[in-house]
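The following blocks contain the structures, represented as structure tokens.
Heads up, the next two complexes both have subunit A, just with different partners, subunit B and then subunit C.
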Partner chain A sequence: MIWLLGLLIGMMLAAAIAVLVLENHIAAVAATSIVSLALSVVFVLLRAPDVAMTEAAVGAGLSSLILALSLRRLGLWQIEGDKHPEIAKEGVDA
Partner chain B sequence: MTLTVLEQISAILVGLALLLGFIRLLLGPTAPDRVVSADTLSVIVTAALVAVGAWLGNALYLDVALVYGALAFVGIVAVARAIEGGHS
Partner chain C sequence: MSDPELHWLLYGGAIGLIVIGAAGIVMGKHLFRIILALAIAEAGANLMLVVAGLRPDAVAPIITGGMIPEQMVDPVPQAMVLTAIVIGVGIQALVLSLAIRVYKAYGTLDMREIRLKMAADIDAEAGVDDEVSQEGPAGERPLELPDAVTSGGPGQ
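Now for the complex of A and B:
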């Protein structure tokens, strides 16, 4: 099972770097949820189910919920492309 | 833990599914592709947690899978509402 742990830790590292690199905020929120997803499976494979349950509740549920609702409130959403959204166009009249 | 042949095959398939979904997350040209791949990965991980509970022979891991499946659904729905736009 050590290769599955290695795959999950590599996924965590790549998703954390993708959060820094991506310029679209919604894609960055999706990559953030992937980091907590892989961390939850790592905790399960290390036989800590209570820590994994807490990580699933906080990381997969609450953090992506709060980040998505704050993106919606701030008007930073943009669907097409990975360009940076026009903050001045969408955010001022919000 | 020592796995039987079927459990090793299931572990390899789960790892391959995680890898393919994660490649789509990294390469997805638009944001909805990445969000859909995150949803797919959450379903794969729910199945993987049930599989790990079967490997370890402990029913407590099923609760982790249940909590994770419910809360990942809520998170993905929130991200989908953020994509939809408008003011809440």
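Now for the complex of A and C:
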């Protein structure tokens, strides 16, 4: 079990560093939800199943939804190579 | 599963998440990254609280069939973490709404540009001209020197 925990904690730390390093904002939001998902599996292994359920539903699900919707509102919803400012403007009006 | 190694691993992971989140909050140049770093620091704090109540040879604190288990994990930190997760998402929604207001007011989310524009706004509200140097003398130049001093000395 300690190997599984080590793998999950390493994944969480790598995703947390990726949040600060990645250029693309959508990828950063995805890395944040990876941290939450790995954390919910760690909670199951630590015998806290109720906390794991809440973390998976609220931390990974609802939080990513809020972050992605606000990305659209902030005009940061840009796919890789999508550098045109007009396309970025469309997200502001939506 | 050896007990000290497991605790070192778990506490190390929790402290690592908190440190990465705090570094992102302090050194972030973009407001959205700062919000994401806040979420990461929150996850690390939750993990640390759950690890604080962990006992390695225990079962989950759930009573099944009226049987109270002998060795249970401490359920109090788990209940508090359950609340903290939901409060964390509320804080995230509040901070994101403030970020949207900042974006509508200033048109950018870069922290340095926001700081410059906020300083210019505050100066404009206070009526201070930010072009004036803080070290320069206030007021006008001193009076003109009399002709006797400028054209010729007392010896002439």
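Things to note:
Quick note on the criterion: the second predicted complex is superposed on the first by the 80 of 94 C-alpha atoms of A that agree within 3 Å, B and C clash if a C-alpha of one lies under 4 Å from a C-alpha of the other, contacts with A are read in each partner's own complex, and residues count from 1 in each chain.
By our rule, a contact is a pair of C-beta atoms (placed from the backbone, for glycine too) under 8 Å apart; a residue touches a chain by one contact, two chains touch by 3 or more.
Because the structure is predicted, anything quoted here is derived from the model rather than measured.
Judged by the touch definition given at the top, the superposed model places A:Ala60 against subunit B, while subunit C stays out of reach.
Judged by the touch definition given at the top, the superposed model places A:Val19 against subunit C, while subunit B stays out of reach. With both structures placed on the common chain, the touch criterion links A:Val42 to subunit C but leaves subunit B unconnected. By the touch criterion stated above, A:Ile9 is placed in contact with subunit C alone, subunit B being left untouched.
Once the two complexes are overlaid on the shared chain, A:Met1 sits against subunit B and subunit C alike.
Common to the subunit B and subunit C contact sets on subunit A are residues 1, 29, 47, 49, 62-63, 71, 73, 75. Those residues of subunit B that touch subunit A in the complex are listed here as 1, 3, 11, 14-15, 18-19, 22, 25-26, 28-32, 34-35, 37-38, 41-42, 45, 48-49, 52, 56, 58, 60-61, 63-64, 67-68, 70-72, 74-76, 78-79, 81-83, 85-88. Residues of subunit A that touch subunit C in their complex: 1-2, 5-6, 9, 12-13, 16-17, 19-20, 25, 28-29, 32, 35-36, 39, 42-43, 46-51, 54-55, 58-59, 62-63, 66-67, 70-71, 73-76. Residues of subunit C touching subunit A in their complex: 1-2, 5-6, 9-10, 12-13, 16-17, 20-21, 23-24, 28, 32-33, 35-37, 39-40, 43, 46-47, 50-51, 54, 58-62, 73, 78, 81-82, 85-86, 88-89, 92-93, 96, 99-100, 103, 109. Those residues of subunit A that touch subunit B in the shared complex are 1, 3-4, 7-8, 11, 14-15, 18, 24, 26-27, 29-31, 33-34, 37, 40-41, 44-45, 47, 49, 52-53, 56-57, 60-65, 68-69, 71-73, 75, 77-82, 94.
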